[in-house]
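Shared between the two complexes below is chain A, which has chain B as its partner in the first and chain C in the second.
And then the complex of A and B:
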């Protein structure tokens, strides 16, 4: 009983770490642009598909695959920014979002044009079984994911608070008009933020694909939905909130799955999300991005 | 007309209902990711009313529309004061809950020795009212478009009335509208209910066209597509959402112009189009120009 509780908590935190990474990428984009990028997940999917394609044809090792995924996702991310977000910087948020949805369809179809099957194997992160510890089993993937999420968080923090570029990003978050007036090249900050967020997304994608040992065409939608849900749960637009939201989503999923079953798991997530939004507590509407 | 063309045209008509539903809310300044849920409510309710309760289709449609409006009110009441992304996410969460509830819905009845009714993820088979009443595909096409045109005439008429002006005022500047004496919250609730009923009407017609429905017909893809149709077609007139649906479902999917690369072409084109026309092809400017030209 207690052991189950502990085991589920452990599993939930492991999954939550990957959601936290997705939410970090989402939050970065939303915090800076105040725009929703529906193509975030599909860009990650494209990156993972590119890595899968390289793996199928050249049998590369995981590190090289990660580089391929990183490059392809970042490229796709910057392409999305140029076509969907740069032109609507001062304009309609809805137009930008619908444009990013249009590119979602495009990226997804591009990926499946190269790899049309419904499922492809992906090399595992760690070939051995889980670690046993005091009756609990701990997947190595979960440890790696947690370390990666913590590392990405620390790196992001260092970039945002210890570099000139970070200062510019925070200035843009505060007020893009004021930032522009003080000589910051706002469009360039936007593009750079997109590249950074895409790189974090690619890291999440490669970890998820290798932990699940497969990629499917659903990866794009899955990443977008999980990232969005985690970002909303954590209070839109704050980086520590994104991590907390990701972990909360993971915990909520593992416990509701255990006690209520898979269908009720998703129902629980959406119910909690809906209730939080409807009750609209203060912490969900804080708009500071750091 | 061959069967294929009839099928494509029917589908354009059916999806136009959800697009119109999303359009109404966009005019009121709200972006909903959840209109597919009311399309689903209409499909399930309508199918159950004809196939299981033995009601005629028109009565079933009325019942389904009432239920769609009620469900939309239920979602809108706690969420309408949310703004932008918050409202979009709340409606998405509500719609996904609805879809999962369809997955959990098992309510079958033995009719003529066969179980009829929703069977969870296995879907809902045997919505045969249209077949049983000898309506041919051509006849059903005319029915769908007849209902759609009737709806369009009503919406176009209302758009040119004081109600339409109020709707656009509420969407463009709710505070100004409130200062002019519009009860913004109640007005938006009314719009949400009407949009829910409209989506449900489309759902009833969809269920009776397909004879088989399943929960994943009503997933987020349908919702985002309908939002996209409304925006691509244009926010200037109720003909916009139809134009959007016709462009994608009719022209690109229907003619198989680009084969498997349809979305690679269409996705890029839509993103480009929105750069130059952020409120769609038939936006307010074009509509005003056309109206000045032809009246």
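And then the complex of A and C:
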């Protein structure tokens, strides 16, 4: 009984760590632009497809695949920014969101044009079995995911709070007009944030694809939904909130799946989101990054 | 005195509505120049147009004989113009010190000396250096907005209604600082609703009504009660 609880908690944290990365990417873009980028997940999917293509043709190792996914996702992310967000910076948020939906379709078509089968195998993070420890079976993938996500969070924190570029990003999040007036090149910060968020997303994508040992075109929508749900659980626009929201999402999923059954897993998440909104409507009003 | 800033026939529109309908004015080097006018006259639009945040439809802005009309805001900051925006717009989630560092984003040299000097001028900011700017009082935020703009070492400081919503004592302090900055060699172009205070420090003033400059002169060239009447209410043309 207690063992199940501990086991589910461990699994939930492992999945939650990758959700936290997705939510961080979303939050960066949302915080800086105040715009919803629906193509965030599909760009990640495209990156994982590029890695899969390299794997099928050259049988590269996982590290090289990660580099390919990182480069392809970042490229796709900057493409989305140039097309959907740079032209609408002062314009309509809806127009930008709809444009990002159109690019979602485009990226999906592009991926399936090169790899038309619905499902492709992806190399696993770790080929061996789980570690046994005091009755708990620790999945090595979960440990790798948690460590990688924690490392990425630490790196992101250092970039945002200890670097000149991070100062500019936080300034734009607080007030983009004041940032412009302070001499910060705001359009350049936007493009750089998109690249950074895409790189974080790509890391999440690689971890997820190799934990599931497969990629499908659904990875795009899946990443967008998980990232959005985690971001909302943590309160819109807060970076520490994104991490907390990702972990909470992972834990809620693993526990509800165990105790209520797999069919109640997603329902539980949406019920919790609904309850948060109903009980505390200000939960999802945008807040400052710090 | 030579004109440091020269605005000529400037037209800025929000969609089809022209907020500036051909504004021309000059700010002399080394002066305090003041822009008065009722709400909705286009004063803030003019400030944003000079600073590059709004893109004018027609006309030109020249600074030190260089055309800056279509430059990006960050490029205008680096050419030496800094705007203290209306309602201060500090970065609320960042500390006072970080706000100052952000103000110097264009600079690559050491900031320590400037920060020390500004802390000496604004001792309240020094006390609160590590505090988020959002926790400061209105007057302190205004000081911070001014200090942040000064971090870029501007030759021309634009100030949009620095006294807005502040207590009379704080307003007096703000104007004392304006006079001090002027004495230290900064040219200041000031938008004010508080015509009485503004006319005390300015060497020259413009009156703006409904998107046009309707009067230009030295303080004293128009009776103060007439200035104040038009600055608050606009001329009684109707």
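FYI, the second predicted complex is superposed on the first by the 285 of 290 C-alpha atoms of A that agree within 3 Å, B and C clash if a C-alpha of one lies under 4 Å from a C-alpha of the other, contacts with A are read in each partner's own complex, and residues count from 1 in each chain.
Just so it is clear, contacts are C-beta pairs under 8 Å (C-beta built on N, C-alpha and C of every residue); 3 or more make two chains touch, one makes a residue touch a chain.
Keep in mind it's a predicted model, so treat the numbers as computed, not measured.
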{"item": "When chain B and chain C are modelled together on chain A, clash or fit", "value": "fit"}
{"item": "Apex chain A: angle to the C-alpha centres of chain B and chain C, given in degrees as a multiple of 10", "value": "90"}
{"item": "Touched partner set for A:106, first chain B, second chain C, both or neither", "value": "first"}
{"item": "First, second, both or neither for A:174, with chain B first and chain C second", "value": "second"}
{"item": "Partner chain(s) touched by A:6 [first = chain B, second = chain C, both, neither]", "value": "neither"}
{"item": "Chain B versus chain C as contact partner of A:183, first or second or both or neither", "value": "second"}
{"item": "Residue contacts with chain A in the superposition, chain B compared against chain C", "value": "B"}
{"item": "Partner chain in contact with A:273 - chain B first, chain C second, else both or neither", "value": "first"}
{"item": "Touched partner set for A:131, first chain B, second chain C, both or neither", "value": "neither"}
{"item": "Touched partner set for A:83, first chain B, second chain C, both or neither", "value": "first"}
{"item": "Smallest separation in angstrom, by C-alpha atoms, between chain B and chain C in the superposition", "value": "11"}
{"item": "Interface residues of chain A shared between complexes with chain B and chain C", "value": "none"}
{"item": "Residues of chain A touching chain C in the complex", "value": "164, 167-168, 170-171, 173-175, 177-187, 288-290"}
{"item": "Of all residues in chain B, those that touch chain A in their complex", "value": "26, 31, 78-79, 81-82, 84-86, 88-90, 93-94, 96-97, 100-101, 103-104, 220-221, 224, 227-228, 231-232, 260-264, 266-272, 274-275, 278-279"}
{"item": "Contact footprint of chain A on chain C as seen in their complex", "value": "51-53, 72-74, 77-78, 82-83, 85, 89-94, 98, 101-106, 132, 134, 148-149, 152"}
{"item": "Of all residues in chain A, those that touch chain B in their complex", "value": "30, 36, 38, 83-84, 87-88, 91-110, 113, 221, 225, 228, 232, 236, 263, 266-267, 270-271, 273-274, 277-278, 280, 284-285"}
